[in-house]
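Chain lettering (A, B, C and D) follows the sequence in which the chains are written, and residue indices restart at 1 in each chain.
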């Protein structure tokens, strides 16, 4: 046999023209084995979600309402409004079933998988919020589900692991690397590549190969759809600004989407500034997760986007007190909106986020997720940037964060943290009188 | 000085004619020092709540919506309906802010205290659900709040203690007796008796002296108000039955109230059967909390009602795997509805409740509070009693119960409990490959 | 001696909970109090939910219950008590309600009358709920003492003064039982408020010293009720055999009764007697 | 030798990740593989997110990164490599994209050409995203190898066969890299699917024994790619000085290359050569 080295046929399209790209970002950088699945998903997304075939959209909306608890309220924050001397409204995604906006997406994808005839769900999870949302949706829709989670995260996030197991999902420990989110994503991709024919991979944010970023954003857009109507009804006009935290960016895009066309509305994506914005090239660690503010263009987990990487292109470890923001990449659409200056990327550090957590808990009676506390912290520190009327997304509740907030609070000097000596007092008291 | 032993004036009314009684039950058995406060509250309740003065009711409804997340959905439980071969709808109070129906009452009372010009809130809590709801409402409405909690409960319910402290409430350890709910109620009564002039006592269920039972029921009736409308809209008719768990009975009365006049609707109050329905007179312990089914008439915490007591009239210790049901008394109105056969008291034991907890978690993607699991367990075991169409109240979510469910599950052989060996597997895996 | 006679002179009214630490020891304690000058005895029958008590008396109640004290033991104890002062039973309504076969307080009152109890103080029974018990007391010739709180006013005060017999229990300050260093200014105001009613007024809640007792009597009280300061002595001294609780109780009682007597002497006596 | 020449006879294509446990040891290992009969070398450049690799190769990549292996070290290593077989660089797209000052894969390809690399396998770069790299490879005369998966069909298969140069990497089964006892039946079907294309077909994913290699060649493959079975040897033997990894690699390579050769002999040879 003899062969000549040759090539013919098309050269392949260039990235920027293809559907599934947002300016320079997006695309489908996945192993060939996954491409058919990705394309099948693209088709299904177009048919069921965009073209509303077979009543998918109606069923999705109905289940979001009855199972998920939508619409979530838009609440005027009385004391925060006083404190910041402007009108502050909170979009209460913390009230969604499961305790975070994550269910909007998980329910959408599991339902879509059902419409596609898939028989098995896999998902990755870091802090466990996306995993629990997926496990709930899978239980609700009677789909077997396996969630990959780093061994370190499993030990740190016991309650969420319990919840997934209680909902009947398998939780597969991933021990590679640091045993955290990045490794769990890699491992879920591998499962998908192996079982692609009957399995759908429910990705947890607006990241990954097309159509995930657009599809997840579409499922999450119910947030801004509601919020835009609610603020007009309650305040009589559009807000001057909208604020959301950004990890992968799904609550962010969900909260922004319907406002993107409203040019007078400023959009702030609040990233985790962690303990510092610098990257330590030596150790390959960025003590932050501010990929929009400090990241550079590259390819991660299937998409071209902004990410935290060293000069060679290896992805560095991100860090944040909030595990849901602790991710080195960000959704490609959000990266594009930042490049085109439609969205302003900002960040707050761990201490500010913790203080905002305490502030909202004490003054509004809402214990926010540490992720959401970042959005509050930005508003608190920069009221003048908000205009007269602002909407802040409370992407989730903080029940999952209690232990870590207590721990982190103890290690710092925060302005407004309550003392937790009650346990010692109660222990001391067990014998004595009152 | 000489005196003759004499008495004149009225003899006092007999209990059964007075307002604040339900048949033989109810009344105001409180120390004299509290009577003026109780009467002031009675007046305020009539003016603001019943006669809707000063926009109280509108403000309450608005805050329930925007802060609390009302209305909560009524959801058809697809798989439970299949399994029980009838239409089963779930009223999703687990989606209320804080994770249980408790906020309906706490928000109403704290707001009322504000209208009354009170400057301080006290409350008792057992499992911490009422305490956290009150702490949230107090933070939301900017009222200082102190919550009394048994030292034993403090150690058992860490997350809820954290939440109260995070919301800015003081938590006062009560070490008397067993250090649980009963003692915390006594202690809160004492605080109220001491600080009655500026303090309102937010009682956590439809118990206590008049007007509490009626007032708490009124605040909680929003559940049945919504549910009755929702089931008519979704199923086209009234249900054949309505099911709710009963501890003190606040979710119960809230879920039943609007259906009480619908005579064709059967009402089932599901009590905690614990491990046995018998009372051990020797130790003064009832290994259950089934005061409607097994209790006798007496006076407890300010009202005449059914309660678990020994033959002398001392209150015995109740028990249930679910701490929110673990109370020796029950609301007087519910006791009366049982006596008049409008409400059927039933009970399920600890094992059945745990199995129902697992069932709902796995098959519907809803992790219920252990309290609410009792209602599901009754439905599961007695489908034929439900008729063709039933509404079950899911009074709260089970996040608070995770650790205790795992522990209790390990000690039993349950039909459907998932294994939790994941933590050992994850720990073992930390070093090896996948 | 009847309650009415006991208040002819300003009276010292000590409280103890029966059964703490045992019925037999309570007997010694009560005798010591009488030796120390008690004019009336308030004897607590322990109930599991003592919502009007502070930590001191609550502790005593818990110990008495742990020792197994029952209403029947209580009655037998009072029956066998060989002292010449009237006994008032202090307890909570549920124990009255449950006693005997029929519902309601009747059987309890009947049995109380049998063993020579003179009257009742029931802290969780306000005037509004007292009808059935008032009737039963009337039927058996027992007194029913009501507590007038600092918050009691107007019509309710009228009604309670009218309903009360034996004496009026004037609560010296808001809150629950318990010894305090200062007896509040409230005392004088409270006494003034009830001065018009023709019934003995005994002041309680927080009295702990002879001095306080004297002041209270000087302010116009017909009696001084002391509980926690005595229960503190019972609680502090554990050894059931050789301890000196009776001696200490007697001397505390003497201090208090002498305070009462001193107050009585110092008082202007506008009505000659 | 060019890639085209290397596939004149069915070829044995071993994979190792450069830098595991160090660049110097990799040199010994590579020489051993060549002694054992390697016809083409697939040399991995470690990337932090190796999403297409199974645990074995992933572990190797992690060790190489921990040893500090960079693209530049990789290039210098290949440059200094004294072997007479073509080297294919296997890595992920982000490393190509980041290399050099300008965006895009151009500088990387240029440098690769400089050090004598013959082509690339980029597992996270499907045909749809390959335009820029294909162009750069063409500009520098390098091959770009695409992976055909069991799920690749129809138009996409056409397009990829067209785009691929050097060889087609035929993925033997779904999933990620990793040694398996059985090479799936899928192999024959996969080879049949691509038989019409006039380009060498090398089968990989899961091959671990000489026997399997022989079967694969008998089924019509032009090459057999083996990674995890070799990396297992690298991973199992830790002592950086005196271990026998090179010997074991050489003997495993020999087993595999002999399997390939045996398969080639046993094959019917319809086209004379």
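Methods note: a residue touches a chain if its C-beta (ideal position, glycine included) is under 8 Å from a C-beta of that chain, and two chains touch if they have at least 3 such contacts.
Predicted, not measured: the structure shown is a model, and the values here were computed from it.
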Chains touching both chain A and chain C: B
Far-end chain from chain D, centres as C-alpha averages: C
Intercentroid distance (Cα basis), chain D paired with chain C, Å: 96
Chain A-chain D separation of Cα centroids, rounded to whole Å: 36
Approximate Å spacing (C-alpha centroids) for the pair chain B, chain D: 66
Residues within chain A bordering two or more other chains: 176, 433-434
Chain D, residues touching no fewer than two other chains: 55, 59
Chain D-touching residues of chain A, taken from the complex the two chains share: 1-15, 18, 27-33, 35-37, 176-177, 182, 185-186, 189-190, 193-197, 284, 296-302, 309, 311-315
Contact set on chain C toward chain B in their complex: 2-4, 7-8, 47-55, 58-59, 62, 65, 70-71, 92-99, 103, 123-132, 134-135, 138, 143-144, 146-153, 156, 158-166, 171, 174-176, 198-200, 222, 271, 273
Residue numbers on chain A that touch chain B, as the complex places them: 65-69, 72-76, 78-79, 92, 94-95, 97, 99, 135-142, 151-152, 154-155, 158-159, 161-163, 165-168, 171, 173-176, 179, 187, 358, 361-367, 398-399, 402-403, 405-406, 418-420, 422-423, 425-427, 429-434
